[in-house]
Amino acid sequence: MSSLTTPAPRAAHRPVQRIVEVARRRPVGAYVELVLAAPEIAERTEPGQFVAFAVGGGTSAHLLRRSIAIAGAGNGEVTVVVAPHGPGSTWLAGLRVGDPVDVVGPLGRPYPVPAPGTPALLVGGGYGAAALVGLAAHLREAGSTVTAVCGAASADRLSSVDELGALGEVVVTTDDGSAGRQGWVTDAVADLVGRVGVVYACGPMGMLRAVAEQATAAGVPSYVAVEESMACGIGVCMTCVLPVVGEDGRTRFARSCTEGPVFGGDRVRFADVGTLPWDVVGADAMGVVAP
Amino acid sequence: MSSLTTPAPRAAHRPVQRIVEVARRRPVGAYVELVLAAPEIAERTEPGQFVAFAVGGGTSAHLLRRSIAIAGAGNGEVTVVVAPHGPGSTWLAGLRVGDPVDVVGPLGRPYPVPAPGTPALLVGGGYGAAALVGLAAHLREAGSTVTAVCGAASADRLSSVDELGALGEVVVTTDDGSAGRQGWVTDAVADLVGRVGVVYACGPMGMLRAVAEQATAAGVPSYVAVEESMACGIGVCMTCVLPVVGEDGRTRFARSCTEGPVFGGDRVRFADVGTLPWDVVGADAMGVVAP
Amino acid sequence: MTAVETAVDMSTALGWAPVPSPVLTASGCSANGAELEPFVDLTAIGAVVTKSIQLRPRSGRPTPRMAETPSGMLNSIGLQGPGIDGLLADDLPWLAERGVRAFVSIAGTRVEDFAELAQRLRGVPGVLGLEVNISCPNVESRGEVFACDPVAASDVVSAVRAAADPAQPVYAKLSPDVTDIVGVARAVTDAGADGLSMINTLLGLVIDPDTMRPVLGGVTGGLSGPAIRPVALRCVWQVHQALPDVPILGMGGIRSGLDALQFVLAGASAVSVGTAVFNDPSAVARVHDELAAALAERGFGSLREAVGYAHR
Amino acid sequence: MTAVETAVDMSTALGWAPVPSPVLTASGCSANGAELEPFVDLTAIGAVVTKSIQLRPRSGRPTPRMAETPSGMLNSIGLQGPGIDGLLADDLPWLAERGVRAFVSIAGTRVEDFAELAQRLRGVPGVLGLEVNISCPNVESRGEVFACDPVAASDVVSAVRAAADPAQPVYAKLSPDVTDIVGVARAVTDAGADGLSMINTLLGLVIDPDTMRPVLGGVTGGLSGPAIRPVALRCVWQVHQALPDVPILGMGGIRSGLDALQFVLAGASAVSVGTAVFNDPSAVARVHDELAAALAERGFGSLREAVGYAHR
């Protein structure tokens, strides 16, 4: 099977590391939106990239950076939407205006943009929708019509519906029906995928897999931003890998921080994430034999 | 040589552990004064006791509590004066109004009070003076005249001069002459020790030693609040010991958190702190032999 | 915390000695119990593991005796204590009067010392059992620590088992500073240990950047606290894997109920909370409650069902 | 930071190979260097210690490959890498073109593998020397790790020393998971090691409270970061004490210049910064600057004067 996608190219700019201040903070449903005064990161950002925060301040027992997608970049500011989950994201969500935070970014490869005018479907799960706002604006400028699907478990876990609505049609789905259509994003995607030339998705792995499979089945190229556990975010630790099919058709353990987080939806071997398939390059040296 | 002091008795109340809020915060020279809304600690406090704070919040790499003398207790509030030094005290000094902090107290033995009316000399070094304010008030109520000496390296490291001044005469000394008389507290103590019936001191170990020696030489009982490195503050870790002469005349490694921090100035073997003298009870089992 | 039905049967045993809670203090981290009374109901916890006692009173080492380290601490107390006479005269009666179970930690520098201590503790009221501290890196006689040599460790354990009250289970406390902890575990259980306490501190060092000398007078000290938890868990896992029938008292960096749960799942049938008590004097009781809630949330009806569950 | 005259001579050597800075990356914690370029002047640091390379390309282990732990982390990467051909074709030329010194870490599961790797690296431009990873607890062949057996460790080191370019110093990287690290150090230096890298990670385990199974597919993993710093320092101290003439590349939890200073005072003539890079990508350069300032403040004219100073 030949691929519908080419691997996402590197970003135009290198990342920087800065200690920046929280300029604004706003609770949004179950999330917290932080706006950082970070001009050098803002000016380098392309849609799909992320930043990595050091968490816990000077007394912290948490050494590893937390990766958060960039939900907006402009006017010298970078916006992120944080879902309080464990200690690190809870600390981030508790930052106050004026607090300093150490951030590295922009990181990762941006979403590749299609031929001008290609109609695009953007699918965001939970806070994942926030990461699609910059892309939507970018596509609109390039003449694409943008349709977005925002899904979440419940209304309070939706994000960026208004921002995406300003840039195109938005379909909302919630598992519990507390907002929009009851059901999963895939229900909406099934109706829409036939009308577009490219699909972009950001959200939990299960959703990415389903959307990528829908797009591929429909013969539409898709790009997904994966969320693998990352220790460094800059490509030096090798903790964030997943099996990805390269241009040569061979599968490698690719780092989702520097070779992703954006991958062709038909290149990620979702079913094999967390396993070591025998046909991954170098699996033989690990003692895994072909069946 | 018979002792001028009897060991300080236990406090009347047991400590409690509470998560309390910072009610007020005020920079005072090089220090920060924190007022905590902590009624259950305030009502139990006697002069000379201290509290122990957990530092760094939920993400902290710093496990050990930080001991801080109680500078005031009343109206449901406990006041402390913090000198930012290492990570823990710097974190404490950076707390903001409304922030929660986990505190255990009141801890340690209070200053024993003399026969009513006994004129008293209170000697505070740096932030140590803060810990004497409650004692000064207590002594005044019991009919003592109170004279205080507050000393520090420089004017910005003095504390509680006004509070002590409201309760008696205060002599100020600074090493650099930036406030009061230039010189050490011992210069002032030398002039005053002959006129009093008891001396109390709180401050750095070198100062405590000098003041205790002055008092003892003058035949005046003295009580000093020592500042030994403490891991727990509640008597369970045995890290905070120093050689103290007991009522039986034998020296033991006494825990400064539960058997102190207040000790008779003539009972602490200052010269032997940080060593293991052969005549400490149990030194023989450590292989130390009498010379 | 969400309200959870916590009707989990938390009872367990130290060897054959039943205890109502699997959460104990750790030797040397709660003195002999009394100081925790304002913060914890001592009769409700599994047991107070007393500070390792030797034959004679000991002053312990000079200060500084500790250094804070990232998520842990280094200590070199040198087993300060009243000696067995003091323990028998004061501390054990205090605990027994209140109905607090004591698990008495004994230490020595010669095999005979250990045996004599065990002998002295026969039939003492409230003494549930003995923990044999063969792994303390702080005692004066540095040389090789008993726990680092399977033969020396076995000699101590068999002498203690022979001298001790047959009603009192004997736990050997192992050091992680060995190439093969399973080998040591096997040797001491063959020598008669009824259970294993794991782990004691790791040997560590901190240099004071101001004096440019080791912080501790004894140069090295014992590293404890959450920093060492993954090492402790690994030791418990390996030993339970090799010796599934040997009861394990797990410890090393336990601070929360979920930490304790990890030890239970790895194979510990009881746990000690040590350094965390310095951070939170009510930690022993809190860990019990959190562990009970965590077991209930996961559908366990009893603690026993969860012991070693991660190996299945 | 206060302005301090930092005209300290920071030059040192790895064996006989001179380097302008005593601060290096740590193997496996900075990939092969390129990713750090946006954050650090790679030509100014002591060297890039490359990720341990084996003969063949390796996929490494499946995810999850890490767990965060208090002040540290557990990893089980499984030595993912391009194999020696890839390293020679891509990474080493990239470094050499830029004038970045490479200290190449080699790993294998048989003595001959190590020797072949050393052979392949003879005379390669920019390769300053070799670090022999005999202590990685993550390789597939679990059994006993080379580094835990003085004889097996010596076999590897003598084979590597014999096969390697005589111009390239050979450092043996030791594991702390042994009863007697001085014994291993002595054995490998007798076998021809020109220096020692200390320490590799400690074997640890974390259990996921949700799945109730070990987090890592390989069950155990390697513990690193500030949590282990006191153990690392103790190892450096003990080995320098016993073998004062053997150069030591110290590592384990170094995050600041004062941390690095502790290792230098304990006896390390150079240091590697590993896990701290994940927290701060500019850590290697920052540690150099902070160390230079700390040495100046303490009146040292050169790094060399401070090596082992705490033993005096």
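Going in written order, the chains are labelled A, B, C and D, and every chain counts its residues from 1.
Simple rule for what comes next: a contact is a pair of C-beta atoms (placed from the backbone, for glycine too) under 8 Å apart; a residue touches a chain by one contact, two chains touch by 3 or more.
Owing to the predicted nature of the structure, the values given are computational and were not obtained by experimental measurement.
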item	value
Longest centre-to-centre distance from subunit D, chain (CA-based)	B
Rounded Å distance between subunit A and subunit D, as computed from the means of their C-alpha atoms	34
Distance between chain centroids, defined by C-alpha means - subunit B, subunit C (Å)	34
Whole-Å separation of chain centres (CA-atom averages), subunit A against subunit B	55
Subunit D, residues touching no fewer than two other chains	70-72, 225-226
In subunit B, residues with contacts to at least two other chains	61-62
Graph class of chain-chain contacts, one of line, ring, star, complete, other	complete
Interface residues, subunit D side, partner subunit C - complex	67, 69-72, 74, 148, 177-179, 202-207, 209, 212-214, 219-221, 223, 225-231, 233-234, 237, 253, 258, 261-262, 265-266, 294, 298, 309-310
Subunit B - residues contacting subunit C, complex	14-17, 54, 61-65, 102, 104, 228-229, 231-232, 234-242, 252-253, 258, 273-276, 280-288
Subunit D residues within the subunit A interface of the complex	28-31, 35-39, 51, 54, 56-66, 68, 70-73, 75, 77-78, 80-81, 83, 140, 217, 225-226, 275-282
For the subunit D and subunit B complex, residues of the former touching the latter	70-71, 226
Residue numbers on subunit A that touch subunit B, as the complex places them	55-62, 87-88, 90-91
